[in-house]
Every structure is written in structure tokens, then in C-alpha cells.
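Handing you a structure now.
Just so it is clear, A, B and C label the chains in written order, and each chain counts residues from 1 on its own.
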Amino acid sequence: MTAGAWLELIASGLITGGVYALVALGLNLQYGLMRILNIAHGEFLMVGAFLTWMATTQFGISPLLMIPVAFALLMGAGLAVHRLVFRRLTRTSPNLDVFEARGLMVSFGLMFLVQNFAQLLWGGDLRGYDFLTEPVAIGSAQFAANKLLLLALALAFSAALIVTLKKTLYGKGVRALMQSPTGAQLVGIDTERLHPLMFGVGLGLSGVAGCLLSMTYTISPSMGEPYTVTALIVITLGGFGSMSGALVGGLALGVIEAVGMHFTSPSLKSLLSYGIFIAVLLWRPNGLFARK
Amino acid sequence: MNGHPLLEARGVTVRFGGLTAVDQVSAAFAPGELVGIIGPNGAGKTTFFNALSGVIEPSEGELFALGQRLTGAKPHRFAQQGIARTFQTPRVFAELSVAANIDFGLQFAGRHRQASWLLKDETSILNLIGLAAQAALPAAAITPSQQRLLEIGMALATRPKLLLLDEVAAGLTESEIESMAQLIRRLRDDLDLSVIWIEHAVTTLLRHVERVLVLHQGRKIADGTPAEVVRNAEVVEAYLGDEMVDVA
Amino acid sequence: MNTKRDLLVLFALAGWALAVPHYGSEFAVSMALTCLMYATLSSSWSLFCGSTRYLSLATSAFFGIGAYCSALSLEQLGWLGAIGLGAAIAAAVAVVMGAAVLHLRGTYFAVLTFGMTELIRHAITTWEKQVTGTVGRVLTVVPERDTVYLTVLGLAVLAILASILVRRSRFGLAMAGIGADEQRAQTLGVNTRLVKISGFALTAAFAGAVGAAMSVRWTYIDPATVFNPFIGFQTVLIALIGGAATLWGPLLAAVVFSLLAETLRLQLPQLYMMTLGLLLILSVLYLPGGLASLRRETFTMWRDDIRSGWRELRAGKAKKVPA
């Protein structure tokens, strides 16, 4: 294979991986901070994608403009969901294990609800639109402009989140909470406000991912589930609760899939992903990068 | 008895990542002994208990029950060998009745084990620990100190030869602690049990036990009679302070 | 726990269900069959997952395995043989899966069983594509509708009977102990690994048997149909909404959902699914014990909850303290 072909292959892996990372970061924020394993995460990605599609095709609004709008709308949805549903669970669950189990079941129900609501509204067909489809040449490789934009923005958002968490006071509070909930509360960090906010941010990120995806690929109401599953695989690889692990894991998984698909066959992609997933969960339940 | 100690720990070490919670602790326990384990917070006492009951596998070292190697075995095998334990915070089955909680141990580890008539069935055990009146109540509905007693009853239901009691007197009043100590004494005397007792109420403990182990930062720093231990310079420095010398 | 009463109720229900093929329309029989299928799946799921609180999402895997066993062996082994094989192989797979996975905590376990189910589905699809060239199987020799109905009815009765008996046994007590406090149960002498693997295998055997029986309803089966994750999702939903730790909850919910499914699904399948999702959320939030745990006290509890909620809301509006 030529260098150019390798570059294209790895780059396409990074592009899908960038989206994986973005979705995984949101899921990780929710699980690492609040122990909510939101199986419906991908559905909100799908909602972001459809909102953008609707805005672009029916109102002529540029998808780029929809990025912050999608974030805001989905973040609002996240705040509402947390307030209506998860807050009650926090109050009524006798211990952490029961809370986790109930959170899982509730997000299960959410998945059914949101996916089918979308199908009711928008029908089951594939939708899409064209945006920045002109090819761009880098070296001897060719890429669609929208895919490059996708990668750039995905990386930018991921980096922004990680930096915010590391540098700002707020972010440090979140990380403190993730490491030691009681300790953080003793120091005065307000869980009551932080949890819904971070849940919202998580959903907002998946909305942005959906918006970005709609620019490049076709969308359908059932597109969310595979992304949830992939996000799960990513945070397992990178370690539950580790932000940079989710970023690296997402990119890595994208590349592994691209290379794997190229050298074997596309239908083995799922087999490969699930195989890795199960292997990691069995061998290192805390993730590949977790500190012991 | 076949000449082996009831329970023996040889060089047991437990590590969590970089932290060594229990460091090369060796001790042998004979039938009918009443042994206390004391030490400052974080000394590794509960972790040591976890190793002795099979809940945690030691990173190094061996465990033997009556000569049989139990290192790495699952907790149910320890229970089947007659090693029972209570937990620091009572872990009762909240939705079952008090009687059903006791019955649980009788159905499993205690099922095929020989024991004194005092441990014949739930009623006898309930009478022994003084919870006969609460038998039909759900375990969640009794008071915390009653739950402590239930913890002990559940452990007794496995018809053990050795009972590991983890801070059963925590949070009790002076008189309650004294009656708990009396109960433990009685269990040892009437049931021919070996009892190993972790406690913070050091004064009471030292009055009732015949032998004391002192743990400090995971290591065993003393093992002898209460009188010997309170005079041990290292123990005094680490833990007891000068006032304790008069106790024994 | 009143064994005699439970057995009588089971007997009565079974007798009633037996009458359906004789007096009911084609539609009624079809609905009853779906109901019985989910009753079996959710009752056997609850048997293990309800008491141990290990949420398994592997039902579709076992169902599909049973279906394929039946499709492949029906001619050689006959009807009952095919069902038995489906149950046996599903149980064997469960033992392997369980041995690898059951030492992990609740959420990990749920996610892993889902992953393994999808892995099996993709593995079989890939196998069929690469090795045999065709995807799916056609069933040529198919028993009559009434035979299938009676078999599934028998499985449903067996599943509930098993639940009744297990609840009264040491095995059931061990599982309840595992669900309440696994480590405590271990220190009291329960061999949790053995109990969990056995319970999981039992649940799988039923799912495999049902899959084997139902496969003949579709004369053509392929991985997408019989390994469809929704079979597993619906089983879990029904069991949870009905009350996973109760005896009659899963059956009750299965009946409710069959009615809902037949009325809604054909016209508005999305509405049916949305209702399922909404009901699950509501039941986890407000009725964690499921429909079967509904009592008079529950209603008073809800009324008090609503009242205190209103009071909070009004107090909050009056104060309006800036954060």
C-alpha cells in the first residue's frame, strides 16, 4: 500500500474515531461523575442530527450555526431529564448498586421512548443533505472537506472539555467529585447543581456529535444505538471515568476499525469491536488505562 | 483435635495497589481462646479479618484451618470450615424477618456441622442472643444495637468453631458494652468457641480477653496477655499512652 | 407463601389457556401464543435475575440458539428432541458465558451479556455468509399450530412451576441472599459461583426451549429475526414492570403487553414501544417492585408524595432565593 493510501486509511479511521471520542466523553462524564450509565445517549445524538437536518433542509440555517444551537437544546433536555428522572432515583435508592441498576433500567426506557418518538416524527427513512462536499487534497491523499471539518471540530470540542475540566475551578470540582464524592462535598462543592449541569453537558456533546455527523453522513432514527455501543466500548478501553482515556480510546478504536475493515472485510467490523469489548471487560474490568 | 491450630495465618500480607494494609502478620489461634485485636485506625484490623474469613485473598502468605490449606479459597469454604464473622456495620438481610436471617446460616454453612444444643435451631439461637421477642419483625425494623446482636446470631447459625467479631461494641453505652462483653464471654464458655474480637473500647476488651494482638500500620507489634501488652513500649508509644498501664 | 394456592391458580390458568385453540379465533390463538412466549421468557428470567439482581440481557442469544437448533435438527430429532436440544445447548452456552462473566458486578454484567449476545449474532451472521453462503434457514417440516401452542403452553406452565418450587427451596434462598448482599451470603456458606451459574443456565434453558418452539412459526429464520435484541429487551421490560422478584408479576405484565401489542403494534408500532419505555421509566421511579407489588398503601404513598411535591413547589416559588 502506498503512503498516500495508508494516510487516507488512518485519517478516515481518525475521523470516525473523533466522533466516537466525542460521544464517549459525554457518556464518560455521566458515568464517571454520577454513575449513570446512559444507554439512551446515542438517541440524543440522533436527535441532534435530525434537528440540524430539519434546520438546514427546511429553514435554510447553516449546519455550522446549528452546532451551538444543538448543544444548547440538548443540554436543556439533559437538565430536564436529570431533574425529572434521575434526581428522584438519587433520593430513593438505598445504595449505589441499586442506583446504578435503576439508572440503567431508566435509560433503557428512555432509549425506547426517544428512538420511537423520532421514528414517529420523522419516519424511518434515511435522510441527508450536502454540505462542504468538495474534496481537499493533503499530500497525495484526498478527503471530503466536511469530513476534515468533522475531525477538526470533534477534536476541538474534546480538547475544550478536557482542558476545562483540568484548568477551571468548576472543572476541578467535577474531577474531585469523580474521585471522591464525600470528600468533595465536605470541601463545599455543590453536587445538587453540578450533577444536572454535567449531565446536560454530556447530552449537549452528543447533540453536537449528531449535528456534525449529519453534515457528513446519512441519518436515520436507528443510528443512535450503534454509537452508544461504540461509546461503551471506548470508555471500557479507556477506563471508566478517564477523560483522556476516552479521547485516546475513541481515536484508537476508529483507526483499528478502519484498518481491520480494510484488511479483512466490512462485515467483520462488528465482530471485531465486540470481541475487543468483551476481551477488555473480562481482562481489565477497570479499563486498559485505569490506575490500579 | 488433631494438634493443628484452629486457624493459622502465616506471613499474611494484603496490598491494595501501592498501599500495604496488612504486612507479614502471623498468628495461630487455638480452640476456646478469647483473643482481642486492637490498634489505631487504619492499622489493618478489618483487612486482616477479611483475609482470615476469605473475603480477600492475601497478596502473600498462607492460611490454614486445622491444618487444611485455605489460602485463596472462597468465603463459603471458610464458613464451611467453621470460621464465622460479623461485619463492622451490621449487614443483615433487611427484607427478611429476624428469624429468617438466623435461619439463613443454618441452611447453608451450618447445615452439616455438628454443634451444641444451644445452636440447635433459630429459636435456640434467638434465645441465646436475646432477640426472641423480635423474631417475626423485619430485620430493617429493629434498632441498630439489636442489629448488632442479629449479626452475631447470623454468624452463630453457621455453627462455627471460631468467631471473628468486628467492633461489635461500637457506639454502645458503657453498660451495653459490658453486657456485650458478658455475652461474648458466655459464647466462648458455653459453646466452646474461639473468639477473636476487634475493638476500640480498649478498656473493656483488656478486662475480658486472655490474649491481645496489637496491629499498627499493618504489622503485628505485640502478641501476649493484656498485662504484657500494656507494658510493651512500642504499643504504648504507638497507641495506648501512659494512662493505660494501670488497666491490666 | 402459599404453595397450594399458587399451584391451584396455575392449574386454573393452564386449563383456561388450553381451551383457547378450540374456541378462539386465529387472532386470539396468535395473541395467546405471543403472550405465553413472553410469559415463559419473563418468568424464567425473573427466576434468576429477579432474585439475584444480575440483569441479564442475553435472552435473545439463548432464544436464537434454540431457534437455530430446532431449524437444524427438527428432521432428525423430531419435535420434542429439537426442543430439548435447544434447551440443552442454550444452557451449555450459559454455563460458559456465566463462568466468564458472573463474577462481575451488576452494570458490568448487564453490559457484558448484551455485548456477548451481539457478538453471537454477528458471529453467526458472518459464519453463514462466509461458510455456508446463504443467510438463514428454511424450515420445511413444520408441526401443526396446535402442537406448537401446546408446547409453548407447557413451557410456560413449567417456567411458573419452576418459580414456585425454587422460591421454596434452598436454591431460591441462596439466590435471594445473593441479591440482598452477595458477600454476606458467601460468609454464611453459599457457594455463590455455583448458584449463579446454575440459575443462569436454568433461565437459558427455558429461553432456548421457547426459541426452538417458536422458530417454526416463521418458516424462514435468519440471525436478524431470532437474535433480535428486542426479544431480550422486551423480556426484561416485561419482567421489570410486572415485578421481577414476584411470582405472578411477569405473567401479569406479559398479558398486559400482549394486549397492548396486538392493539397498538399493527397500527402504530412506535406508540407501542414508546408506551413500553414510558411504563418502564414510571415503574422504576414510582413502583420499583413492579405491578405485582401494587397495594393500597402504594396509592396513599403516591398521594402523599404528590402533596409534598406541591408544597415544595409553592414554597420554592414564594422564597425565590438567588443561588
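The rule we apply is simple: contacts are C-beta pairs under 8 Å (C-beta built on N, C-alpha and C of every residue); 3 or more make two chains touch, one makes a residue touch a chain.
Not measured: the values here are computed from a predicted model.
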Quiz item: Where the centre of all protein Cα atoms falls, which chain's Cα centre is nearest to that point?
Solution: C
Self-check item: Centroid comparison with chain A (C-alpha atoms), farthest chain
Solution: B
Self-check item: Chains linked by the largest number of contacting C-beta pairs
Solution: A-C
Quiz item: Can you give the whole-Å distance between the Cα centres of chain A and chain B?
Solution: 49
Quiz item: Just curious, how far off is chain C from chain A if you go by their C-alpha centres, in Å?
Solution: 30
Quiz item: Between chain B and chain C, what is the separation of their C-alpha centroids in Å?
Solution: 42
Exercise. Could you list which residues of chain A touch at least two other chains?
Key: none
Quiz item: Which residues of chain C touch chain B in the complex?
Solution: 170, 173-174, 176-177, 180-181, 183-193
Practice problem: Using the touch rule from the top, collect the residues of chain C that touch chain A in their complex. | Solution: 53, 55, 100-101, 104-108, 110-112, 115-116, 118-119, 122-123, 125-126, 129, 233, 236-237, 240, 268-271, 273-274, 276-281, 284-285, 288, 323
Quiz item: Where on chain A does chain C make contact in their complex?
Solution: 37, 85, 88-89, 92, 97, 100-102, 104-106, 108-117, 119-120, 193, 229, 232, 267-268, 270-271, 274-275, 277-278, 281-282, 285
Quiz item: Which part of chain B faces chain C closely enough to touch in the complex?
Solution: 53-55, 74-76, 78-80, 84-85, 87, 91, 93-96, 104-105, 107-111, 154-155, 157-158
